[in-house]
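A, B, C and D are the chain letters, set down in written order, and residue numbers restart from 1 in every chain.
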Amino acid sequence: MESLFVQQVVNGIIIGSIYSLIAIGLTMIFGVMKICNFAHGDYSMVGAYAAVFVMAWLPGWFGWIGSIVAAAAAVGILGVITERLVFRPLLTRRTDIDIIMVSIGLFIVLENLSQLVFGATPRMLQDPFGSATVNLGLFSTSILRLFCLAFSCIAMGFLHLFLNRTQTGIAIRATSQNRNAALLMGIDISHVYTLTFALGAGIAGIAGVLYGTLFAVFPTMGALPTLKAFVVTILGGMGNLRGAVFGGFILGVAETLGGSYISMQYKNSIGFVIIILVLLIRPNGLFGRREGT
Amino acid sequence: MDILRTDKLSKWFGGLCAVKEVSFSLVKGEIMGLIGPNGAGKTTLINLISGVFPPTNGNILYQGKNITRLKTHSLNKMGIARTFQIVRIFKTLTVIENVLTAMVNRKTYGPWSLAWGSLFKRSGAFTDNKDACVKAEELLDFVGIGEYRDELAENMPYAFSKRLEIARALATRPEVLLLDEPSSGLNPKEQNDQVEIIKKINQQGTTIMIIEHVMKVIMEISHRLIVLHYGEKIAEGEPEKVYSDPKVIEAYLGGDADA
Amino acid sequence: MSQDKYNKLWKALGIAVLFAIPLVISDRYFLHLMVMAGIFVMLTSSWNLLTGYAGQINLGHAAFYGIGAYTSALLVMKVGISPWIGLFMGGFVSAFFGLLLGIPSIRLSGPYLAITTIGFAEILRLVAMNWVELTRGSLGLYGIPPLTAIKLSPGFSIEFTSERNFYYVLLIAIFLTLFCFKRLVQSEFGITLKSMRDDEPGAESIGVDTTRYKLAVFTISAFFAGFAGALFAHYQRLVSPDTLSLGETFTILTMTMLGGLGTLAGPVVGAILLTFLSEGLRFVEDMVKLNVRMVIYGFLLIITILFMREGVVGLFSHYRRSGDTGQ
Amino acid sequence: MLSIENIKVSYGKAMAIDGVSLKVEEGELVTLLGSNGAGKSTLLKTISGILKPHTGTIRFDDQDLHTMPPHQIVRLGIIQVPEGREVFPELSVLENLKMGAFTRKDSGVGKDLDFVFELFPRLKERRRQWAGTLSGGEAQMLAIARGILSAPKLFMLDEPSLGLAPVIRNDIFKVIRQIHQERGITILLVEQNAKLALGMSSRGYILENGKVGLEGKGADLINNEYVKKAYLGY
């Protein structure tokens, strides 16, 4: 019993770290541009496909590192393109419904276009550790999974450094907190928008490689992470980066624990139950900051 | 006779006290001006009276009833209507529809009876209802925007959308009308028109409480004034008296450096 | 007046054509498409009432459809009530869930509401998948009885197993539904919904109890969606958890956005257009051997929002009377 | 230095400025007075490029401002401390100050940082704290300090004493006078506290209903009946 519990918590932390990674981009984009992007998980899907191609071409460790770089770059560019073509025209007459609908349109297009291009057959990404596992007494897990955890924590760490230590990073946070004041600081808002989308999508691309490594790569793989990322984002309060990181781990652990102690079948609904309960009590999320009145 | 009275009304937002123990009474039939420098808590006071949020402390009495914690819609049904500093008209409805929707008898009919009733109605669309339209047109003419009847509200010139908001508030047949800066953003001629409209409304028996920054307007129409400063009531009385009050002049023009 | 008579004439002619279609065209597949388009007309119209008129973004509408379908199917199969009553039970049970979903919606708006509604639908979909004893899980409920035949005289009865006869049932249901929506939307109730959508504090200031209106519109919208679901169950005679899926909701909202959100005609036009368009595209897909249909759906949705915000109906807006459609 | 010619600005459909012309010369401290809604804040927003005028010109030295995006206007050294402080609540005090220096590439930032910490020792104590946790007075100090770090040539302050207790208000005014006199920064001050503001200005403009009602030397305006009228509407 004890070890099953620890085992599940560890599994939850591992998957939760990937949720956090996807959600962090979603919440960042929401914070800066108030865009609620239902196609965000598809950035991960595209990232995972980028990895499929790079790994087919470069074997082993090089392939792995190469695919991370390729995924971040390719998806970052895709993010910028979608921002410019689809979201930017809506910013002047933003209504929630238009932005939500247009992102749903984007979701449908990306998912089905990739089905056309890549086919529906799931593909596996190689495990550079050759499926090796490690037993740490209280729990055992594959090295690959630990690596994924480490990698997403590193990615979040770098993002944290970027957002806290660099002038540009602080400018992104500043813009999300007070757009008007940011303008008065001489920050080029349009530039910040583009950068935010590139960054948010790029991270989602990296998360896609990790997600694809743990599970499989297929065109509709983006849907579930999108929903999870939204759950995480709402748990943490939309626009709140720390909230997204905590929310990701909370959801990951809640899911694996719920999956093993309550019901495996309802695992994917646990997050929704949590957010409905949370929103009933706190309409702006657990760590949500109050919206300006 | 008092129609509305507040008793030591306070509102705190976090650590900030926006309204501090304000007591005043509104006499039936008067126009009372609410003035004070920027950030003095005027809009907060109006929001408290109109039920946007409850006060932290204190009570509000309306016609002898305690209405402190009632919501905006209930207060409206009891006879308190308001307008907003930044207009809140229904943009995608036409001008007359804006007024018509305010004329729906919500005291008697809730959503369910309206919905159910509509299924058995033979008279067609509510917006084609002759009696209602005649009354709505009267109100539009009253504020002088009758010719815009079928225009979409969002296409209205700003001054007219402010008047539309007043017409809409009147359509709910209020006893007390709270006006939050009815002439901000208007040019002098439009402000004069606004003054005339407000006077006319008052002459028909509606008690009015008005926030206004354009002093010419407030001087011309108010019977009495209340001055707020840092959330506190610092003066009350007839306009001339209030204006010569040194405390008021200081609040507006500022005291000396060592004040 | 003459304009009015002219309109009435056109309406009568349209209705006559709709009733005559099965008499003229006997192609079963075509009639099947008409039936499916009809069910979507009911669904999209009900979503439109909630999202287009009342401004409550509901991304879990397929849940109401599914609840209606499962309720009616289960009551008929397990309890043995008449499918005709089942249709209404489907509507009522769905309406009850609409009321439930309405409760969190009181305090939520925009993206928060959107996610809550998705969550609601996903939870119900998982229930439909996993409560195998009741729903047979992902296999779905099959062998649902059709609408019971109406016996006119001992030797003569009307069956509802054929597309053609079902078409007539549906036609009547649609007329009733659209009649209700038209009345609702044009009434004091409808104008209140629109004012609430445009400006909530403004609506509160003229005495609108927005809480109660939100609950009411969630309930009413869910009723009609549930009714449509029940009709579908007894027509297709098979219900699966897919009925409650996000994909189904996306179809509903693509149709409505394409036709024109917040107009009476929009959802009708959108549902018919997209049902037949997708069949047309199936031919194209057979030719090019590529699954292009959904990609085109997605692009249509994006293009509609970016370039023709009022949908197809908006393109012809100069034919409409301004008050008619709420735009 | 700054010259505005007959600009008209509206907020959506609400007319806010209806033909205003004014000038600020290098080294001046000019006060802009007027009751609420007279268009003072709108004017500053227009100079900063956040709002665009329909007609009229705004020139700074030899540049046309009315066609320039806000971030370029900041680069010219036109810095605004907005009404209500508008600090970044979830950035630390230090990060807020860094944002002030966002456009600067020169090496003087460190020196300026020392300068503002000297000016406002309380900010130094709280430099690691989130700006959202500051009191109103501290937030105002931060907003001004942030502005100073932008190396302003023209420094525009929008109601810096709004909602502050008299003691803190006096401190703030002292600092404004100090940076004007010691650093020779040109200042355009929007203020409600007419006596205090005019007392230290070289010139003043009274805005009324979106128009300039009166202009003159600071000292002359203090005792002018018209000023009282503009505020109190006699």
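The rule is simple: contacts are C-beta pairs under 8 Å (C-beta built on N, C-alpha and C of every residue); 3 or more make two chains touch, one makes a residue touch a chain.
In this text, all values refer to a predicted model and were calculated from it rather than measured experimentally.
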Steps needed, at fewest, to go from chain A to chain B via touching chains: 2
Co-neighbours of chain C and chain A - touch as defined: none
Most distant chain from chain D by Cα centroid: C
Rounded Å distance, chain C centre to chain D centre (Cα mean): 56
Chain B-chain D separation of Cα centroids, rounded to whole Å: 33
Centre distance in Å when chain B and chain C are each reduced to the mean of their C-alpha atoms: 41
Category of the chain touch graph - line, ring, star, complete, other: ring
Touching pairs - complete list by chain label: A-C, A-D, B-C, B-D
Parts of chain C lying in touch with chain A, wherever the complex brings them together: 51, 55, 57, 59, 103-104, 107-112, 114-116, 118-120, 122-123, 126, 129-130, 246, 250, 253-254, 257, 261, 290-292, 294-295, 297-302, 305-306, 309
Residue numbers on chain B that touch chain D, as the complex places them: 16, 37-39, 156-158, 161, 181, 184-188, 191, 213-216, 218-219, 230, 243, 248-249, 252-259
Complex contacts: residues of chain A adjacent to chain D: 164, 167, 170-171, 173-174, 177-178, 180-189, 289
Chain B partner contacts - residues on chain C that touch it in the complex: 180, 183-184, 186-192, 194-195, 197-199, 201-210, 212-213, 215-217, 220, 262, 322-324, 326-327
Chain C contact footprint on chain A (complex, rising order): 30, 36, 86, 89-90, 96-98, 100-102, 104-113, 115-116, 223, 227, 230-231, 234, 238, 263, 265-266, 268-269, 271-273, 275-276, 279-280, 283-284
